[in-house]
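Some structures to go through are shown next.
Next, two complexes with subunit A in common: one pairs it with subunit B, the other with subunit C.
Take a look at the complex of A and B:
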């Protein structure tokens, strides 16, 4: 009985953490599809970091006389309507997509997490207010909320990331809130309170570490949704503006030339498809591994 | 009696959500930069003219009064006029809405029928190559963004094979043959996402049900596997599928913005994008509000139908 309550809380926590995450990842190792998908995601991440350096040409360098060139050895994906190297643009676009995904998910994680902790911890009026706000945001059909927010803020890559991030907040609030509810009544919270910790400290030092794991996993899964939404907005001309090499915007530029020059659409479309596919298989593997009850 | 009180309770719960949705739509589009009066008057207008238009639109009133005025009109079915075309927004939307609803209806029909069939086949043949293949295709379907699906379908079936028109909507009543023909590709592009997730859900739900005691009982009675699967298990396996139909429709309204734009389908989603381009805020407000209202209503219907097929829900 000599241990301080905080230490007890931490010990319980670390035992718990090692328990589900590491064991889950070990289980996932047996799932070959998920491992391949994980490697593919890492490869995309690697391309996002070094891609622009590997690009054989400047992604915004135009060469109008050679526009619409079919794939060649020098330009493996061909050239677009301004004669730019599509291969280099797709490579550079990896970074743009990840960047958009990370920022948008980060916004959702931060605000959703804080609102969820506050709602779950305090309950009462505050919880009621936050939950109603979430209900209202959930009343907008998926992508439409992001479109509405961009409509208000105006098109552009920054506003697009804000819109995608804000429109994902409700799900993060719900997840965090329900997790916090289950921790609020547990002994370590009681112990921290008994030792005189203030609400703020209990929320962010004692409860937060417990919800960080599930939130992290969920954020990883939501990353692909955010990347899809940002690409969709860019496709509509509401996100990244020319000449930024963005996959959605590239597909939109190729749309008008689909009849004669389908390669302009094909390569950026394939890139985003493969990235999201890898994320989804990884996500399935993670879910099965972390929650074996759900797997078939 | 119980069912009726459940429906009334759910209808009453809907009212505050819709009011808050309207507040949200109104205020978020009010933070947008740009003066609507200036847009109507044009760049050369004098300050007097602009002020006159501002007064006419009520832009000189405090914000909450502007909202109350707007909301009062909305309740009476008046969503204001387009800043560009000066046509009443309600009139415009009544023209576009049926196209969007028809598209969503056809898509959700395709995706539920095919999705459930595929999911059940996959579950019955669990862990066979057929099942693995279906799961793989389903995940691929979810992974392709709607603009990729739309462009791919257009490229293959409209451009290469020329089986369907590339874009647009021929004149004529909805659900007439030429219109359905033009609707086929956009509907399919929208349906694939829903089909894939419905297939996955039906598969896991069906497998879950097959593990239940009453299925074991049915088997123990000596019923054939066919009867067990299709008479006992299937009905119960479809319960969770109903719950996501409403959600799927929402996803379709979201996706229709992109698919309608790609196929130049004259629906509300495409109108919103056009209106964003011209900063025509009354149109955006009205269209978003209308789609959100339909979505909330559909979710309500989903819940009611769920309570109808699963009586346990009503007692909560």
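Take a look at the complex of A and C:
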């Protein structure tokens, strides 16, 4: 990429904040994959908002005599083991998956960001404490940590989001901390300090705007992981409880019928696959465009 | 770790997932060709081991403190009871070679065999029998000790004579004396381990049965080895009274139904006593498997805590019972393998109402949504909120259903949930592992639960077991207080008059339909399958258990 890190930092510092964003998005337009992925994400988002209204049938309405029906015009994705319309359930599940992904990433972003800024800015014992805690959490594989947390809190959609969120905190702490470390010693921080600004103001008014870009990009990438992890927990029966239409749980319900009724697994799994893929490409493109420091 | 790796990892995971799904959908079913070179004269391999699958394993092997089917099966093999039922259901000798019952039905005297030894080598005497029974009566919360009746005293009058004195006659005593619950245990080891015995070290589990516990990895596999000294098998049941014809039995725990079926098709497992309904076509097609359909006295039911609001109101319990379509549950959950139940006892089993019309004909609860709604409105649940859930005084009509996390239980729970929604009742499902479910129910903070019971020869006496107030908190998990029923349950245990006993059971069935402490969901049929290289696997009699497995032989390869 063409720009140097200092220039980006300055751009972030300057009053023309919107400018770099627009510039970045213009750069991203050249990346066709990212544009397609962005459109796909927007489409999924649209479905998440209006999907349940578009659903031709009630996603929890059972009709056992017609169970395992193959895809038809009326039920484009067929019916599941209780005769529910899989198309309607996949549509309704979009909202659940988005919701889970956003909340979980939000939890990680908020706590990870705050801890990272505090650790990076103050340094010393506080940094040491937070960093070692993060090291300990990083020692667990992320998903295993999430499973452990759900096991402790009990299954359910809320606990599942908390678990996925908490298990993603360490990565956000690390990212934020390393960025803050580099900004802490820069002139604008010194200037703010010299003019008598309090620590809190320096951290959240002067340093934070500079780490928002990378954090935003990382969050987009992390969203896909969070959605996948939440679906994974539901697949294991630890997340959304029946009859909530959740893609992972739907795939789990279908796995016993995989050979004779593959449509039960195929559609929810494809939905997970597409959404995660779209978020990955989008996050990738966003990073290239907005945060060239991190690209290869 | 760099950002890049993380993103790639997520991508790769997603791809693997997708490819895996597609791959699994396309994979052909693997079936091994049966061996065409079968010898004309069957030759047997007496050093062979067999593998039996299990869907789940008991939380403990302490047979005096569990009623889990897998613990029963294990103790049929590891231990012996005083007596055992013969084909006609009469007690026949096992550890006791003979016995007397006093005319007033209060004193049972057993004459113990003098050639029985425990696996540890210790000789079994009447004192061990006494210690084993004493320990049974002392187990806190034992679900089975009450089945012995009101015991006045237990005494080994000499080395080979054991006496049970009861305070009142007890018709059902043989049910436990002849079951694995009445297994004679070597209690020396139990004292050593305390309450953890049965969950802790395998080497402390000491019985007198035809097989010895060699290795136990909980929730994975259990290995039983032949007891070479075993010669006291029940003559009434088997030609071979020991030692067994097979050297080793391995129980493998495979919760996943698809995997379990695939393993028996591949020949990695030799016996499956409960083929999952969805897998029946593929098991029947497999040429090397022999299948047997059992129609045992076995039932699944939805239990209700009659003290927990809002289900403390009988009208709501009855409304829910009317809302449930049993025919559909049998069809969906069991793929038609079973019958819709309208009484606890399965028609044709001992204790079932012999009258025509049935004594409880008028009380039978059938699928009738209109009547269910009528009952709810009578009970005052007339308002309906935005989600279609009924309300009364600002409170929603909701409850929690605790179920085990097996596929069958979850599907059954989802169905019940959808039936309840039809009448405006919101049911939340609370799924947990089976062992955790038992713990949860014992703690008595449940509202509803589903469970299955195979009551075998215990027959109508199971009703006492489940509904007598003395059996709280387990197995009486219903907490229905009904004086008449309690009296009848007690009467059924002591009366020497068979007719009076039958009438009592008929009236109890009636009361259970009026009070609805439980809702019957399905009578269950089971398909058992075994490898054709096993001869005489005794599965025709296997409801859940395979008594002793002394006769089974394995054809040489």
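Here is the rule we use: the second predicted complex is superposed on the first by the 269 of 296 C-alpha atoms of A that agree within 3 Å, B and C clash if a C-alpha of one lies under 4 Å from a C-alpha of the other, contacts with A are read in each partner's own complex, and residues count from 1 in each chain.
Keep in mind that, in the parts below, contacts are C-beta pairs under 8 Å (C-beta built on N, C-alpha and C of every residue); 3 or more make two chains touch, one makes a residue touch a chain.
Note that the coordinates shown come from a computational prediction; the quantities given were computed from them, not determined experimentally.
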item: First, second, both or neither for A:237, with subunit B first and subunit C second; value: both
item: Subunit B versus subunit C as contact partner of A:151, first or second or both or neither; value: first
item: First (subunit B), second (subunit C), both or neither touched by A:228; value: both
item: Which of subunit B and subunit C A:106 touches, first, second, both or neither; value: neither
item: First, second, both or neither for A:262, with subunit B first and subunit C second; value: both
item: Contacts of A:280 with subunit B and subunit C, given as first, second, both or neither; value: both
item: Which superposed partner A:135 touches (first subunit B, second subunit C, both, neither); value: first
item: Subunit B versus subunit C as contact partner of A:209, first or second or both or neither; value: neither
item: Subunit B versus subunit C as contact partner of A:76, first or second or both or neither; value: neither
item: Common ground on subunit A, meaning residues reached by subunit C in one complex and by subunit B in the other; value: 155, 224, 228, 237, 251, 255, 258-259, 262, 265, 269, 272-273, 276-277, 280, 284, 294, 296
item: Subunit A - residues contacting subunit B, complex; value: 132, 135-137, 139-144, 147-155, 224, 228, 231-232, 235-238, 248, 251-252, 255, 258-259, 262, 265, 269, 272-273, 276-277, 279-281, 284, 294, 296
item: Contact set on subunit A toward subunit C in their complex; value: 60-62, 64-65, 67, 81-82, 155, 171, 175, 218, 221, 224-225, 228, 237, 241-243, 251, 253, 255-259, 262, 265-266, 269-270, 272-273, 276-277, 280, 283-284, 287, 294, 296
item: Residues of subunit B that touch subunit A when the two form their complex; value: 16-18, 20-21, 24-25, 28-29, 31-33, 126, 139-140, 142-148, 151-152, 154-155, 159, 203-204, 207, 249-255, 257-258, 261-262, 272-273, 275-277, 284, 288, 291-292, 295-296
item: Contact set on subunit C toward subunit A in their complex; value: 3-4, 6-7, 10-11, 13-14, 17-18, 21, 24-25, 29, 257-258, 276, 278, 328, 331-332, 405, 407, 410-411, 413-415, 417-418, 421, 428-431
